[in-house]
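You will see two complexes here that share chain A, one where it goes with chain B and one where it goes with chain C.
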Partner chain A sequence: MCQVEEEYHGPLLREELPSVSRQCVKCKEASAAVVIRAGDAYCRGCFKDYFIHKFRAVLGKNRLIFPEEKVLLAVSGGPSSCSMLSQVQEGLSQNAHKKLRFLPGIVYIDEGGAVGQSAEHRRRTVEELRAVFRATGLPFLMVPLEQVLDLPSSAVLSAPGASEQEAGAYKAAVDHFLLSDGSSGVTAGQQQETPPPEVQEAHTHSLQRLLGSAGTLTAREELLSILRQHLLVHTARSAGYSKLMLGDSCTRLAVKLLSSISLGRGAQLAHDTGFSDSRYGDTILVRPMRDYSAKEIAYYNRMFSVPSVFTAGLDTKTADKSSIQHLTESFVIKLQADFPSTVSTIYRTSEKLQSCKGSASAGGDRCLLCVCALDTAAENASAFSATLISEQLSQKKSPGESRQAPASQCCSIVGGELCGNGARGCCSSAKAPPLRSLLCYSCQLTIKDMASEEVLPQYILSEAERRLRRSQLREEIRGFLLEGEADEG
Partner chain B sequence: MAAPVVIHLEFGGGAELLFNGVKDHHVTLPSQPDPWDVKQLLVWIQQNLLKERPELFVQGDSVRPGILVLINDADWELMGELEYQLQDQDNVVFISTLHGG
Partner chain C sequence: MPVLCSSCGDKRAVLKRPKTGHSLCKACFFWAFEEEVHQTIVTANLFKHGEIVGIAASGGKDSTVLAHVMKLLNERFNYGLELMLLSVDEGISGYRDDSLETVKRNQQQYELPLKIVSYEELYGWTMDAIVKQVGRKNNCTFCGVFRRQALDRGALMLKVDKICTGHNADDIAETVVMNVLRGDIARLRRCTAISTASEGDGVVPRCKPLKYAYEKEIVLYAYFKKLDYFSTECIYSPNAYRGHARTFLKDLESVRPSSIMDIIHSGENLSVRDGVKMPVQGTCQRCGYISSQSLCKSCVLLEGLNRGLPKLGIGKHHRLHDKILIQQPFTEKEERKLKTVHF
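Up next, the complex of A and B:
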């Protein structure tokens, strides 16, 4: 084969393409319609079975969703979340043996205001989705993103949830459910027609000002996703849902994994990309679509007519390098075209990540924005302390200046209340603005990109104030506490 | 000497943004001596239908990575990708799987 004067004839190369066999590799009868992974061709019927089976398998394997549990599906209108919705419906309608046993509801967050859509466009999208949700028969909520400005402070708190269930609890719950009358399942949530919430223009402007204060598109996207998450969790909590299902696909999560590392969120990877995310304690975020590639979802939606509505995001039609997230996506997708195992390799890596348990429980140890454990303990030889040192070195100012700048800043943020305690209290502490001390590394970077911290929503600012006061108090009475008790509360 | 070929084009997943938001296109490809193949179709689309930002749809000879192509509801990889020769009344669908359209 590999001789010096060998000629490779044209036909030899062309035969490569149709070698992906035209018969379905599974049933070997019907002609193939889809190529999944590298070289596995499935026919329509087998593809549908494969798709549906994968959804059940991922839920069954993880045993997190208990029978009769209320689960909120976060549907953005995009293909993955609409596919998730159709899979849940499919699962609820099956024969009793493999029927899904939880009680779903739907929530849609209207982000049109953040992206700059006209009111008319938003209304049309909301109406389209309303029709889709109505057809499912499940209870649904349509929430405009502007409501995030009115959230209570509890939105950023991690509430103690159900304690760690022992392995036997799931099986016991399922057996109990099967013995009792299991027919009360789906009818529990009645569909109520609530009129579409009126969005005040002033709120939309505040939201746009908030997002506009972020200097880079990267920071804007991060901020948007943080706000969206707060709103989703708050909605789930107030409507009594203990689980929140997100529709992130394998491709999306692979991109998220790499871009999270670039954004400094390495410590929170397990939370951001894992199947279950328990940072909020009582509301657990679940990602059942994480085994599906974007291609599989798109094909399924097309072949089996799953309705979905496209909404433009912040980075639609922007150049490749406009934000870290966008650049990472473009990189991964392009690499995937030449090396079809890229996404699955990244995904398999993310499966192995686990968050260290028990490192943070009390509210004081969590990031104010992303509610993950703080990773900013700058130990002597850590990478983080090196980052801090180099930052200080590159900001060489005269000593007089550095004392003055923080003073004016923190007085404006907390409205003078903290500084009324004695100006020496806050100004002689950290040289950085106090809000930074409450944030994890990547949230610090996001906030640093913002022109002013005052446009943050009230609930974030008041919670920040509360935490700063508490830590101030803790500092003051530290001298009076016995050793070992200083860490509690 | 091929007759003009009538093709039904569809765009989804955000790709329609590059075509004025129109998802369905019924087009008639002019007759030419050689049969039309998908590579030539892409060139034709770029010249006649694409309203803006060609780099978001085509890359070199082929579609941008992340855009799926279905020919008559089957993966174009099974039909020969760019080499597939179009027939009258074929249905070609372009679905974007990218986050940003």
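Up next, the complex of A and C:
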């Protein structure tokens, strides 16, 4: 080393230094702009292709959306749904043979009243989003959540959907469309400038009272999402849309899976987190963004300037343990930081599930609120029956008690069934109808947290009454019905 | 003003039930707790008259309460069972040897025969030695897999018809959460079952009579009945992945106390799509124990330990099973991956 003539005769061992600037792993030419997972660094162009390709792939793989079908995009203003909107626009602007073939519309549900925003704030948010939607050229609807109080009973009913499609139907429909030259295109839905519907203060107060009657934030969030879903489906139905696209990302769905399990929704997991949700029959809910992690969406939105508007939710800025949903979200995000494969593993679990094929027929035994099949058959040796037994054993059983107390007791003990003949009198004289018998396990927990059932919107209460009357009737004529009778609900 | 018991209405309430929130006096709580376990046993048909039942006893609160309640219910309701205590010594100094003293005391208190099997005699390795080789991260895998086989071997030695373990509702809920986090769909389907399948020889069926009992209620029961139990955590447990699921569960319980039962309800009502690949039950080609691969997990783990390749068994290694079976040595690259790194 310290020689006069520094000459190295032997072969030099050059060490591979890790370089800071990496090449894109796909095209290997341009320098990487974003690292998605540990090994994958992409350049701008390849990232954009990858992102767009995933959207088309998920739609193409699940052949659910037929050409010329009207699809409603539910946009909340958040990054995932705005990204979904931009992907749909991207797909519509392609050259003819790769173009997306369905007819989209946009709907935005203004939940400011539920969260306690001022009217001024709500108007500003609506205006911002209006500008974004106008720029897309698609027909759009701005619906305030207060309209949920005026829904008809059909909102909680599952209508018979399109007849079962055989495997070849999709291909046949596509071929037919291509042959007929598909010139109708997307301009079919003209943009209408409907003035923003006026929201009455009284309605906002009713809505807030409804949500406020839920004692815990968990119940409040569940109630809000149920109402939102009813309103979305009703809007889609009345405007003639047969599919509804929701913008849930992979991260959000992983959190939803775990929190659904914690809420007791194991039987309905496939509906809540799967690609397609056919519980409403005629309107199918679709989740095309379920392959994208929140990180990818955030990168894309930033790099390609996708506009989005932030709206606060019920659990914004609350403590970690304020509600089950919020707790689960912070748990999964924290775990993801230490174990980067957590979200994708949970997501893959959700792909392997299906909804419980209970004895529920099409119209028959569905939950009043979430319209999924009931899972409250208290079989022997199940968690549900164990809970009922515990309730029973911890309370006084005295026949000499006044009529009122056993009324509420027997309805909760008997659980899934109505009380027998002798007690029918007590049920009708009780303060509230035994709503619990019409609900699935987790909706029962939500209602249990509510101070009073009477603040529920009229459409739910009248549907409940109708179902109770019908099941009473069924009880009366039970001896004369033959087994296997299809019940149209 | 003192709160009255909500069940009998006479005596003053001394505790609030974590499960339902009702305030109960001591006698009513004991009665409710025991009655619930009885209902679980009866509705799930866990035992048949005249069976010999081994109670897996570790000296901790769950197994102590289980032994106590099983003996009590056996006499009260005439199950006609012959009860025995079965204990496993993993060889963790400072933890297991203390808890085994508790089991020996239990044996005298309940007058039940006791058998202790140890890892040392079954496998030739204690947990302390294993941790020295493996490190502190993946050692729970070794302990759990070895213990399962140890219990079965001990049960065969004692000639029992069934084993019952002290798994409580919190354990089952934790397992459901952990299987979701790990993406193990096969286990997710099975883990909420109250008893395991009973076919196959060399396999003793197991059941969990305390499946619907909250951990907090078990502690309350043990406390008020002044039962003798050992209450320290395993010294190797802080680094376990299960700890994450446990913290999550504890937080959930503080938000909504019924969450634990809700998770079990979800687990019971899960249904898996048709066409998902599930493991098929076969037998290990070396020791004859049940296994879904050609070699059972404990044979693979033992092989790894004996050869100084502790990571054999952690992670995917199906391709190496054939090599192990025919005693072929591994290539250098494979060996390097299987050794742990010591700093």
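As a working rule, the second predicted complex is superposed on the first by the 416 of 489 C-alpha atoms of A that agree within 3 Å, B and C clash if a C-alpha of one lies under 4 Å from a C-alpha of the other, contacts with A are read in each partner's own complex, and residues count from 1 in each chain.
In the analysis below, contacts are C-beta pairs under 8 Å (C-beta built on N, C-alpha and C of every residue); 3 or more make two chains touch, one makes a residue touch a chain.
Here the structure is a predicted model, which is why all the values come from computation and not from measurement.
With chain A as the common reference, the superposed partners chain B and chain C fit together side by side. After superposition on the shared chain, chain A has more residues touched by C, the comparison being chain B against chain C. Residue contacts after overlaying the shared chain place A:107 against neither chain B nor chain C.
With both structures placed on the common chain, the touch criterion links A:348 to chain C but leaves chain B unconnected. In the superposition on chain A, A:447 makes contact with neither chain B nor chain C.
After overlaying the two complexes on the shared chain, residue contacts for A:393 are found with chain C alone; chain B is out of touch. In the superposition on chain A, A:65 contacts neither chain B nor chain C.
In the superposition on chain A, contact of A:310 is made with chain B only, not with chain C. Put simply, the nearest alpha carbons of chain B and chain C end up 16 Å apart when the two models share chain A. Common to the chain B-facing and chain C-facing surfaces of chain A is no residue whatsoever.
Here chain A touches chain C in the complex through residues 216, 218, 257-258, 260-267, 269-270, 320-324, 327-328, 331, 335, 342, 345-346, 348-349, 352-357, 375, 380-387, 389-391, 393-396, 441-442, 445, going by the rule given at the top. By the touch criterion given at the top, residues 12-14, 16-17, 53, 56, 65-66, 68, 70, 73-75, 77-78, 80-81, 83, 93, 95, 97-101 of chain B touch chain A in their complex.
Here chain C touches chain A in the complex through residues 6-9, 17, 19-20, 22, 24, 28, 31-32, 35-36, 39-40, 43-44, 176-177, 180-183, 185, 188, 194, 212, 244, 248, 251-252, 254-256, 258-259, 261-274, 276, going by the rule given at the top.
Of all the residues in chain A, the ones that touch chain B in their complex are 14, 17-18, 20, 22, 32-35, 41, 79, 251-252, 255, 294-295, 297-299, 302-303, 310, 312-313, 315-318, 325-326, 329, 333-334, 336-337.
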